[in-house]
């Protein structure tokens, strides 16, 4: 299955992309996606927080979440609106 | 000595005047003025609060205040700004 | 500091511009509005009366005291008097501050003290024809100084 | 309820008019403003970035939850994004309520939650030439449901 992964703000700088498409085995969890993505951060992996905050289909979601084909996943850096 | 006494809102209705001039003996206190004024309320005296709030020269003042010639005294009904 | 009592409509956006400076991250505007009911009765209009010279002095004193207790920038208070109808803004408190916490606290304290201490009164006219001086707050009078 | 993210200047007076109804005695407007310093460094400009679809949904959810907990009338939140300079309004929270206590509490809760939960980021440009993503708040992630 394929999920879309979005990067914002500092994470976009780190990953050098606004969006990537990921091919994952059926039944993959958000945790598995995070590991996959973390591996792509290269030398910058060290500056990523140990617990990444992630939204699935625009809702903050726990790592146990089981992903589905077509999901929109977004890595959310610490927020600073207002 | 002579002091000016102002009435606002409900007190203006009760006393039937916006302002009266009072002739008082030198050294009179605010308490004495209040007694004098209260006597002028006639049948309405009963609806006046037991403790009248009074300002002397635009400052809330205690009944012990000694008045001076030319003072501006104002009887202040419960306030309801905002 | 800008404190006025006025018979004209209050320029809320103007007060916001007036208080903001480049050091401020927050501006809080409280607007009191004439609403259509009070304690179950339908309100049609209000007449505000004021002891103007004392009211302005009192509001200025309140602003000074609040400014000394909270980290705020400029403050502005405008109170309207005269005839108002439902939906009219009767009072605006504008507070600018570097940080929002001080803005909220200062704004709240100013409006509470304006309602509790400033010599302003309102006469409510109800849809059923009645008309009364609205019951209010009794200001604290300072203790007499000991001789 | 009116929640927007916009690249245009926010019409503060328009939001006040939008939320007020005849049942309301209080309208509170919080305006967040770009200020000229942050932690001792002189700030020149800010760029706000947003995950727009999620941000609008989040703000709407916050307003719904706050409206269910406090006795308020209409609520409006407008957050500006894009390039802003010192003095520009970045966010406005407008709350109308029959009574002021609910307006103050609801307004404060909305701005705290907007700052803590909504996917918006800011890049600060300093007068000394530096430029950084401003450190922010880590939103709470819900616990996984027990199987």
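Letters A, B, C and D mark the chains in the order given here, with residues in each chain numbered from 1 onward.
The rule is simple: a contact is a pair of C-beta atoms (placed from the backbone, for glycine too) under 8 Å apart; a residue touches a chain by one contact, two chains touch by 3 or more.
Because the structure is predicted, anything quoted here is derived from the model rather than measured.
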item: Minimum number of chain-to-chain contact steps, chain A to chain C; value: 2
item: Chain centre separation in whole Å, for chain B relative to chain A (CA means); value: 74
item: Computed distance of Cα centres, chain D from chain C, in Å; value: 25
item: Intercentroid distance (Cα basis), chain D paired with chain B, Å; value: 50
item: Multi-chain contact residues (two or more partners), chain C; value: 32, 111
item: Sequence positions of chain A contacting 2 or more other chains; value: none
item: Chains that touch, pairwise; value: A-D, B-C, C-D
item: Chain A partner contacts - residues on chain D that touch it in the complex; value: 32, 48-51, 53-55, 57-58, 79, 90-91, 111, 114-123, 133-144
item: Parts of chain B lying in touch with chain C, wherever the complex brings them together; value: 6, 8-10, 13, 49, 53-55, 58-65, 74, 76-82
item: Complex contacts: residues of chain D adjacent to chain C; value: 12-13, 16, 20, 22-37, 86-87, 98, 100, 103-104, 107-108, 111
